[in-house]
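Note sheet for the following structure.
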Amino acid sequence: EPALIFDLGGKFDKSFNEAAFNGAEKWAKETGGTYREIEMQSEAQREQALRRFAESGANPIVTMGFAMADPLSAVAPDYPDTKFVVIDVNWLDLPNVRQVSFAEHEGSYLVGMLAAMASKTGTVGFIGGMDVPLIRHFGCGYAQGAKAVNPDVKIVANMTGTTPAAWNDPVKGSELTKAQISQGADVIYAAAGGTGVGVLQTAADEGILSIGVDSNQNHLHPGKVLTSMLKRVDVAVYEAMTAGENVETGVFTMGLKEDGVGYAMDENNAALVTDEMKTKVEEAKAKIIDGSLKVESYYTNDSCPALSF
Amino acid sequence: MDFLTILQILDSSVRLATPLLLACLAGLYSERAGIFDIGLEGKMLAAAFLSAAVAAVTGSVWLGLLAGIAASMVLSGLHGLASITFRGNQLISGVAINFLASGLTVLVAQDWFAQGGRTPSLGGDARFTGLTLPFADALAGVPVIGPVYAELISGHSILVYLAVAAVPATWWVLYRTRFGLRLRAVGENPAAVDTAGISVVGLRFAAVAICGLLCGIAGAYLSTALQAGFVKEMTAGRGFIALAALIFAKWRPWQAMWACLLFGVLQAIALRYQNIRLGEITIPVQVMDALPYVLTVVILAGFVGKAIAPRAGGEPYVKER
Amino acid sequence: MTGATLSERRETAAPAIELKGISKAFGPVQANRDISIRVMPGTIHGIIGENGAGKSTLMSILYGFYKADRGEIFIKGRKTEIPDSQAAISAGIGMVFQHFKLVENFTVLENIILGAEDGALLNRSMAKARTELVQLEREYGLNVDPDAVIEEIGVGKQQRVEILKALYRRAEILILDEPTGVLTPAEADQLFRVLGRLRAEGKTIILITHKLREIMEITDTVSVMRRGEMTATVKTAETSPEQLAELMVGRKVLLRVDKAPAKPGAPVLEVENLRVVDEAGVERVKGISLNVRAGEILGIAGVAGNGQSELLEVLGGMRSGRGVLRMRGQVMDPGADGKARRAMGIAHVPEDRQREGLIMGFHAWENVAFGYHDDARYRSGMFMNNRALREDTAAKMERFDVRPPDPWLAAKNFSGGNQQKIVVAREIEQNPALLLVGQPTRGVDIGAIEFIHKQIVALRDAGAAVLLVSVELDEILSLSDRIAVMFDGRIMGERLPGQTDETELGLLMAGMSEAAA
Amino acid sequence: MERREIRGAARTGSGGRDVDVMPKWAEVILVPLISLLLAAILSALVILAIGEDPVAAVKMMVEGALGSTYAWGYTLYYATNFMFTGLAVAVAFHARMFNIGGEGQAMIGGLGVALACLYVPWPHWSLGLLGAILAGGLFGAGWALIPAWLQAKRGSHVVITTIMFNFIAASALNYILVNLLKPKGSQDPASARFPEAVHLPTLHELLAPLGINFSKAAPANVSLLVAVAACVLVWALIWRTRLGYEIRAYGQSEPGARYAGISGVRIILISMVISGALAGCMAINNVMGEAERLVLNATEGAGFIGIAVALMGRSHPFGVFLAAILFGFLYQGGAELALWTKIPREMITVIQALVILFTGALDNMVRAPLERIFLAARRGRG
């Protein structure tokens, strides 16, 4: 029986964890199988949850988030017969761990292109939850994409805050959105958890476009959300669960090529993305996949060529 | 900084200051009556949740507002029960109420809507929208006054105007009515009120109820006017900031408004000007994020001086045991 | 109304108040036990009793502040339920509490109308009250500024406000709980004139006091309470102070201070041109020079609020002043430092025992070291020597007859008199070279007064200098070897007790210059 | 004699009770027990309301928090955090300072501990622990010193300034972790792992030599002993030393302190510094003992729970100790509940709220009728 460990945000965070939940649910529905799940309560429990599942014979154990890396390196060696899957980690050296990381910068690059193309003002916005490397990573890809379309594009980037409340403060998200609008932004990309709800809402209220993140959030405000940067955590979880105990270990990066990231198109935003825009983005996507276009990762040397933090 | 930017920052300040102001005035009634209240945060949160939930279910924001007020007043009643009837420790009761609201809102939301502790998004009549004041459009063209009126003064939700009106109303109630006189007296010396033949318990419960009412509006404003739905912990510490503003204002209504506006302005500025570049150096976002708090401390230390709380505040009124 | 009809009514009419079988317990403490009393209309009825005898409790029950466990109340012959003060007020009862029930940062007017407003808006009631107040003031000669803030006026004025409060509510029955404890003789005289007038108007007055002189002077009847019971009620004309004292305490009490003439030695404390400015920037002490010699008691008389408190506080190190202070010839820093003062051999019985002299939540034994907690006796290294403290406390309690003699009891659980004994014991037993004493017997019953006075005289006889500040002229006259009168931050003059009297001192206290006096 | 002390402390916290009506055992055991029971009943009703089985929930909580050495290991780990922050609030309370800044002080204390662990080559964990206590304490104290100084000298209300300093601490830590302490290329906003030399022995390692097989997985570590020692030290400080005497005197009466020559400025500064140091020392448990690196939001609100712990413990170290264990139990038991049932984790918060409410704020509701019963019984007898 597989197990799934959600990160602190909780499984209904409308993005990262919820995507994992959806993947697991899809697996359960298709196979009729059951899985066990828990939501983290505190940092100290990460190890606890891992051990408890491992002890109880769950296999594989799917865990979410980079914060699991550390506890995993302590626990995994103790249970060599158990397979662990960790999302958003790619730097561990453990034989029984499948590490899946996403090329968020690639997906963000594409939505950045869309943003710059959809923008009439030549100014696009980015709102991150907290100033942490992962969020910079998102912002960096986005900025590169926007600049690729329009080298003169102005990118307004903001972070919500520095306490955990930063991820759950839609009111602040709203105000940041308004502040960015007043600085000319007419497309805003939110990578800020619950705060993003406020960004998308206000963007819709104020009549500008927004871009969702992680899951497809286009449906939240039909016709007002330009697109969503998809991070197919659901796919990663689904695949891992489907593979079951025989899941392949090692480091896997899910980029555009692997369909691990992408941009969402559905009936809600069909009218917003013109064929011309789509063609351009698909072109870039193809180039990234074949390697002729390289999107710089913020992680490579903790800096971004297109945006300074 | 051009004129329009200033207007926009002020506009944002007003929105950010409104929930603070309502909560701050709420605390003012309670604390002026001698009941300290660190549970403002919890009451706002409960109101934010229930108003959004009821608005989502009924489609009427007014019913939502009522429900939010009711939620907040129930918690107020609990605070009154603990600190007035049973003469418990007011700080403990406030802490408990914050915990209770934080847990129950998500618990109930999850049980009710199964959307991860959120309410569904509100739209249409389930939400407060901005009011366009008379002549706003007509006047917009007039230099200076026009934009100020159209951009800054007009266009807010009705709750904002309510909050602003609550300031002179509070002043008037406090200093010009019998109720206000008694309210202030019971926070300074409940024995004087008691021996004057007035019920201390009744007065204090009335104060606590008003506190619940205003906190309820503050919470409803967050989830149905500023936002279109409830998200867990969405008050994000605003109750504590309101408390700080109350002390800052030395428990006076007009000063409370200025204190809340100050917090609003500082935050609006910090939000607007993240990542300022000074030549080669970029001021880190964290510095701007901390700036409102640093400035508050500086202002407090530099200009405000000692704040003296209502003398009977925090102590239960015990005649005999 | 003629005197004849009045006295006739006194004999025949129903009592203004009749209490029957009142009992009241606070937890395990039986404060009132089966008390019955009748108070005739148009009389002043005195109630005396030791600290904690239950006087205040009984009156608070009558005023609806406390609820009796058992018993009945009759007002003008009619059985009346008094569940709260509102009921008492409607029954025509007004009460001036021992500890005033005023809102300190309100104005006089606001305090007076609180609870007796006309209508929901203040403007109208304030205006109406103002006119009525002016009339009441004029009628009874109780003038106060209606717009003065309570905490800025003296206690005497505050008491007037309390009386005005009751009159404003048309009280027919007025209860006064230790009203003169904080008044100057002139103020007390004036109060009694007002009470006399009220009696003449047919109002009924109950007066609680520890001062037998007042009982003899003004009351018609007097009741004595002891340990929660009413032990006697007598006609004032048919009793004597000695008899009352004995009824109260249960033994013979010496009502006069018995002391030998002073044998003053070298100056211990010398003060030159001391000036003190308070927090509000007001100069409270305006250049005082004085000295106190070994073996003498210098009494400082004066109406409260004329700088005596500030003088004591500077000498005790509680606040800063400017000027030259010398202790046994050594110059002292006029800045605030209580520890340094104690090191110089100065002990200090502060004016307000509950605010300053004691920590009310501390056990008695912790309070016995208060201010001296760094002394070698009470410490061991960085720790307190609690065992030594407790032993010392038990011994002091025995020597000073503190009741109950339980070192573990919190200070707030002692009655005022016993609290004061703890403070006095602590300070006197330091064997100080100089003892500062402020209001040593405020609110203390006569048994304890006698005892405290004896201790102060004994200390003087042992060669210490004593600086006594008191608003009680009796106390000043009977304890002091030399008297200085303070008015408006200055010393108006010095007198020897044998060569002056209350009238002369009273004039000096009122600011009349020496020449005029 | 000691028991009397505790009662004295209860007075300080609850505003003073006077003459005893109830026997001590009733006051100390019966009242809290009934209050807890009421909280439990209400919690059970809430659980029922969301369609779960309260009996199973209680069993799971008790088992999960107390049922094994593993469970105890977690309970005690959380309790250790709460002891430090609870003591911090309690010490300040005695000087009548309401230090809401424990969260920020613990955060900055964590920075101190991280720096000490990362940049000093400690030869042995015991020295490292001493160094970390020193560094964490110093950093926490420093963070408390500014609000304390502002209160003492400028009259700036310590409640506001400490709230503000919590936010400022979060910003500072965020900046430092992301821009300075984070190892290059790491995707995690956290410091590097501390060297093996400063690994603190867990209870497993500590108890193994005694032949006790304590769970290896649980994070409780030697910091627990430090926390208990801190309880004892704070007790001695407050109730035995001259400084403690002065702190309590100042806290109860400012004019009284002035009379006795106790400097208010000095007491404010010292009590807040001690308070901040205690909060800062929490980091030896969560940062050094558990995570072994500094992560964002390492404090996880323990600073705020410290307020509840101090209030419930009536500001007495022994009370704080018990309340910390109770909260540790609720935290761990509740976590287990959320981990293994469908009951959302917010249920813990609700249970905590009810416990705080009934044992802390509504205790007179239980005490008053009990007192009446005892009084009647006593009258009946005597």
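When the chains are written out, they are named A, B, C and D in that same order, and each has its own residue count from 1.
In this section, a contact is a pair of C-beta atoms (placed from the backbone, for glycine too) under 8 Å apart; a residue touches a chain by one contact, two chains touch by 3 or more.
Chain-to-protein mapping (UniProt): B, D = ABC transporter permease; C = Heme ABC transporter ATP-binding protein.
Since the model is a prediction, treat every value here as computed from it, not as a measurement.
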Chain located farthest away, centre of subunit B (ABC transporter permease) as origin (C-alpha): C
Dominant chain pairing [most C-beta pairs in contact]: B-D
Between subunit C and subunit A, distance of the C-alpha-averaged centres to the nearest whole Å: 76
Distance from the mean Cα position of subunit C to that of subunit B (ABC transporter permease), given in whole angstrom: 46
Chain centre separation in whole Å, for subunit D (ABC transporter permease) relative to subunit C (CA means): 46
Centre-of-Cα separation between subunit B (ABC transporter permease) and subunit A, whole angstrom: 35
Multi-partner residues of subunit A (at least 2 other chains): 10, 131, 161-163
Subunit C, residues touching no fewer than two other chains: 26-27
Shared interface positions of subunit D (ABC transporter permease), touching two or more other chains: 18, 167, 171, 174-175, 348
Chain pairs in mutual contact under the definition given at the outset: A-B, A-D, B-C, B-D, C-D
Residues of subunit B (ABC transporter permease) that touch subunit A when the two form their complex: 4-5, 8, 11-12, 15-16, 19, 110, 115-118, 121, 222, 226-229, 231-234, 236-237, 267-268, 271-272, 274-275, 282, 284-286, 289-290
Subunit D (ABC transporter permease) residues within the subunit B (ABC transporter permease) interface of the complex: 13-15, 17-18, 46, 49-51, 98, 100, 146-147, 150, 154-157, 159-161, 163-165, 167-168, 171-172, 174-175, 179, 307-308, 311-312, 344, 346-354, 356-357, 360-365, 368
Subunit C residues within the subunit D (ABC transporter permease) interface of the complex: 26-29, 316-319, 336-342, 348, 350, 352, 355-363, 366, 369-371, 373-374, 379, 382-384, 386, 408, 410, 412-413
Sites on subunit D (ABC transporter permease) touched by subunit A in the complex: 74, 77-78, 167, 170-171, 173-175, 178, 182, 184-190, 193, 217-219, 286, 290-291, 293, 295-298, 300, 331, 334-335, 338-340, 345, 348
List of subunit C residues in touch with subunit B (ABC transporter permease) within their complex: 26-27, 63, 65-66, 84-89, 95, 97, 101-106, 110-111, 113-117, 119-123, 125, 165
